[in-house]
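Each of the next two complexes has chain A plus one more chain, namely chain B in the first and chain C in the second.
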Partner chain A sequence: MKLNGSWLREWFGKTTFGILLSLGILGALFLLDIMLGSVNIPLDALVSILTGGEVKETWATIFWVWRIPKAITAVFAGAALALSGLLMQTFFRNPLADPYILGISSGASVGVALVMLSSGFCGIGAVLAGLGLLGDVGISFAAMLGAFAVLLLILLISAKIQSNVTILVLGIMVSYISGAIVTILLQFSDESSMHTYSFWTFGSFSGVTWDQLPLLLFLLTAGFVVSFLLTKPLNALLLGEQYAASMGMDYKKVKNAIMVNTAVMAGVVTAFCGPIGFLGVAVPHFCRSLFVTADHRVLVPACVIVGGIIALATDIISHLPGTDIVLPLNAITALFGAPVVIWVIVRGTRFGRGVIT
Partner chain B sequence: MIAVVIVAAAAIWLSAMVADDNGNGSPIRAQKNSSGTEDLFLYKSYPEYALGFSIEYYGTYKVLSLHDPWGRADEDYTYLLVQRGEEIPAGYSDAQVFFVPIEKSVTLSPIHLSQISQLDESRSVKGHNGVDLVYDEEIRRLAEEGAIEEIGSGTSSMGTMLNTELIIELEPDVVFCVANGNREYDSHYKLREAGLKPVVSAEWMENNPLGRAEWIKFIAYFYNREQKANDFFEGIKENYSAISAKTKTLDYQPRVFSGIDYQGTWYAPGGGSYVAMLFQDAGADYALSNDNERADSPIDVEVVYERAHDADYWINIGYNDDINALLALDPRYANFGAFKSGNIYHYNARVNAFGGNDYWQSGILRPDIVLKDLVSILHPELVPDHELYYYQHVGSPHGGAA
Partner chain C sequence: MNRAAVLTCTNLSIGYQNQKTVIREISKDLNLRLNRGELVCLVGPNGSGKSTLIRTLTGIQPPLSGDVVLLDKRIADHSADEKAKNLSVVLTTPVQAGFMTAFDIVALGRFPHTNWAGRLTDDDTEIILSAIASVGAGDLTHRFIHEMSDGERQKVMIARALAQEPVLMVLDEPTAFLDLPHKIETMRILRSIARSTGKAVLLSTHDLNLAIRCADRLWIIDQHGTLISGIPEDLVLSGIFGSAFGIHGVNFDPVRGEFTIPIEKKGTFALTAQKSVEKIWTWYALERIGYLPAEGEREDITVTIRKDNGNAVWELCTGTVARECTSLAELIECISACDEGDDSH
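Now for the complex of A and B:
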């Protein structure tokens, strides 16, 4: 068995085995994520927490209140980002497309900025807060509102537009506009709101509480199910819109389904975890190389599992087990994730199986 | 013997007269020093706690050195403060020259205004960045009269936007800026490019509450107000040590924690910070003092919970106003013992309509009152007559102001 990656490829090439193996890794990392943390909870204590035995109350609280929701969020958020990245890459036939390319996260950040920065002495936020429009709503709700506002805009315009390259440009333009609004809000906000806003942009799985978890899980699971239903049309899209249409696919319907699904998944994750970058663009490539396929029947489940794996791994690293420190999640996803993806992709091209989009 | 007393009394009377003169900002020509040259600066003031600056006096001028708190050698500045009407000494080619006492100033941080106001020089301020955020009543009145113009966007970090043209028009002798670890956010390069004379202050990087207050001397050098600064600071120092002396003999030190969590990361002052020192001097056991980081250090929320879940008090809740804001941010705060008992205090008793908080303004100059507030919270029996000034109780569920 040579350690040059080809053995790995052979193993994973047998799709079912690969999927099962990665499910196993996902489970192991989930356990690792709830076991490891800045506070060292010994294994026997963890066992008694789970079995309801006698244990230090602090540890039980840390475990149930912080670690479990965090780990569950990481799995689902990672999966959703990877999936929406896959959908966008296939839809736009662009290897650089990511979940945010439609301008969804930019819309979310405008929502968040309006809520967070409204306490300053700027006009817009204060006026909205005064009207009770955005004053007391939670950050996640504001983010979702912003994301769906952008989605609505994109859907309205794209109904009149044939080419999806135009939609791509449209999304990027929306991002610029949103960015401009946030910049203006930042300009007129006080330092404290500015700090809070920048913390939000760091991204984190730790912010989700048990109260919020059901909504997050429900919306994301719905997104996963729709993605599974879309595998056939997605495969057809790989051969081009015209071919897909000639196969009897209702292109408009599929287009809208893909966009709404992506927006829901990316919007929900951004709302609860902040704008987490990198995962969405990298995991689909990683999966294509690993499973040596462009078939969405494989890629959709693969992205769900591998997305969860990468999210859990980055979460574990960002908490630097054994230390008191936490690093911003967004720094970790790119810092540790990018080299791995580069490695996989470069190996892929050497064997003539480059990134397929 | 009697003659000696009379002479001494006369000397004191004379120096008092001179001091009055000095107060009016006119140069003094009273004494000759040992080497025969004139010494125009009768009152000298040296930093005792502050580490960020040092001063040397030379007859007709003073050399004020700023030590960059981030250790960047090219950000150490020398300010040459020459008495008005005197010649600029040779040999200081790198230094920025100011003729003192300065007459017109522009300030970028409200801390400067608190310092200047304490030195009775508010009238010298012609422009300020963020007039709305100023708590000081005299300054606000001057601004309403139009004597102080708004010259910026109010923030003093990332987003500082200054109306440089307006500042140039005001022709200030000095623009007081705040040091920033990131050159990009430091306005003083831009100002210097525009031909203005920026002076950088860094009181917020001092790790000793008295060191922070002592920066009033830094501002005083520019106004020849050393005597006032000394008197003021000595008073603060005495008050501070008198209060902290009371807490030294206590057997019981309540456990205190501080800061807030944002999405799993807790931002709290480190064990070497001025906040930790205030807690210690107030007779508290700071639960998060393990690390010696001086600034806010990001800690995992798990660690904070393990160390502070049974702490008695939660003091300083970041950017939140009260318990309701905390719950809206994260309902898991309710797991902390101090939250359940409602022992939460925050320094937001004096906040103006625009969000300007006096704790960050006059509070920097009055660590003695801040300390007294903390002692009053933790050991009320030690300061029975004290009413909270900067701090208030924010631990009750329906608005903390009650």
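Now for the complex of A and C:
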């Protein structure tokens, strides 16, 4: 017994060390994300800005208006995507599940496409414009509406079906339908709105303003808290829903909590940052390998931190520091994320079933 | 002996119900009880309703009529948490979780006993480790489940069910997919759990001869859903196995307590030997190739086993040939050769 106690302590020690280390990396990348960009702000200037010292006014403006909201958004959005990916992978027991598997981003994209693309040729856009809903806020609003419409649909249908594999197929089908609607809308829209739409699909952390930030932070923080509360049932679900239910877990309640929580986090991120891919599927795998555990008491905080790290890193790369060029964020996340997924799958054969299957 | 009942059911009728119409009643008028410290094996041919009965007894599926009572309350009246503290299961679905050690899996058994965060107290850790030890999986504690063999994984799943500290453990075909030594090992573990912890253990299995040897009580369901309960030896003597599992071309051998392939009789033998293992297996070998004991009739072949420097030697005597063989393979070959010689005449 004594031997094992010390083993446990050592294990917790390692995990705590890993968490602290990744927190350090997160902090460093946060600083870098603020410093680097088309205009690089040196560290001493950063200190001056914060302490109220003398500094170039453009730097102060860039710092307050652009960089700070962007960096905060990146951390929270990355964390939210990683967490919802983790939730979906555990719930569906599928290593390729991601935050959008329920069709959330597809719903959001239909909302956005309706606002952006229909403005040219039909009344909806005019009505929304009349309400002052066009523009960034309008897009976020439309995306959120679309995401929640899909969530409602999935919840309604899933109440009647038992198997979560069916929910999976359902989500994929909703994605196809949404894709079809968007394609049809694209067919009827002018070039400039098509351009705006495709720009939205690139994904970006830069679009969030100080006005929008509180709402984003509030909703995502709520999502994080719910995820922390779900750690125990998530661990039980690792054995499958039947075992989980046999241990006294309320499957229906947990299922709904997981789905709503995922939809809120993924929906909010999509609404404010566009559909950012790969982060959600790659980070949970990365965390499992890094911390060598499937225990959600470790994975939930790990995904929050590592999700933030990866989001910051991809954001820094996409802004190609020192140049005026901004690469599409989704291109960077895919370039990073796809190799991780390949690595996980290839390694899976050597390591037994190293991923949840 | 009147032991305390853990689970009882009265006038239970099981099956599937769709809306208000009874679609299929599998079995009815079931009056069963599971006692503390008893290992009960549920056996029956495929499609007889073993799974339905197990699902009904564990409250996953409602009965068509009648009651299942776990301890003092109907199973449906237990809260999920309360039920989990009294009843644990081992399912047939294989667990395929990556990055989980045996300890992690068994620790999940503490689910109904831990707080909202699933935090393990020192007591919990002790219970987990002793559950692992009692299935003989101590050396697996920190190994990953995906690196284990089927037998090792089954032990871990039994330890998980044990760590839940129920009064009743229900296992759905725990010996399926295992090789024979691991089947026996699993049964031994389950029986010792029942004996030493006083839990009631119910398991379904297809390994009839193993069930006959290990179970305190057998529940046999036949194809018509009739359930017969009794101690294994009584049931063997009553000849129930032959009728419950009756399929064409298979016989139940009440002496060996297992199903055998019926013998196509080729001839009769007389076997002379000391009482020994060699005698038994020579008997089996002769039966396998179609020779039955003469039992008063005139025998076609005579086999005598004698020891030569501690090694068995078989003396074969047929009408035409007399030979000494040093192995059963040689003996069988000689007999077959004689058969072919006879056929050609």
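We take it that the second predicted complex is superposed on the first by the 309 of 357 C-alpha atoms of A that agree within 3 Å, B and C clash if a C-alpha of one lies under 4 Å from a C-alpha of the other, contacts with A are read in each partner's own complex, and residues count from 1 in each chain.
Quick note on the criterion: contacts are C-beta pairs under 8 Å (C-beta built on N, C-alpha and C of every residue); 3 or more make two chains touch, one makes a residue touch a chain.
Source: prediction; values computed, not measured.
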item	value
Partner chain in contact with A:Ala331 - chain B first, chain C second, else both or neither	neither
Which of chain B and chain C A:Glu191 touches, first, second, both or neither	first
Touching partner for A:Leu155 - first (chain B), second (chain C), both, neither	neither
Which of chain B and chain C A:Ser38 touches, first, second, both or neither	first
Touching partner for A:Gln242 - first (chain B), second (chain C), both, neither	second
Chain B versus chain C as contact partner of A:Ser204, first or second or both or neither	first
Partner chain(s) touched by A:Ile62 [first = chain B, second = chain C, both, neither]	first
Residues on chain A engaged by chain C in the complex (per definition of touch)	1, 4-5, 7-8, 93, 229, 231-232, 235-236, 238-240, 242-243, 245-250, 288, 292-295, 297, 348, 351-357
Chain A partner contacts - residues on chain B that touch it in the complex	132-133, 153-159, 161, 262-265, 290-291, 297-303, 305-306, 309, 318-319, 328, 330-332, 335, 354-355
Contact set on chain C toward chain A in their complex	58, 60, 79-85, 87-89, 91, 93, 95-100, 104-105, 108-109, 111-112, 114, 116-118, 122, 125-126, 129, 141-142, 144, 146-147, 164
Touching residues (chain side chain A, partner chain B) in the complex	37-39, 58-59, 61-62, 65-67, 70, 119-121, 136, 138, 186-196, 199-200, 202, 204-207, 209, 211, 273-274, 319, 323-326
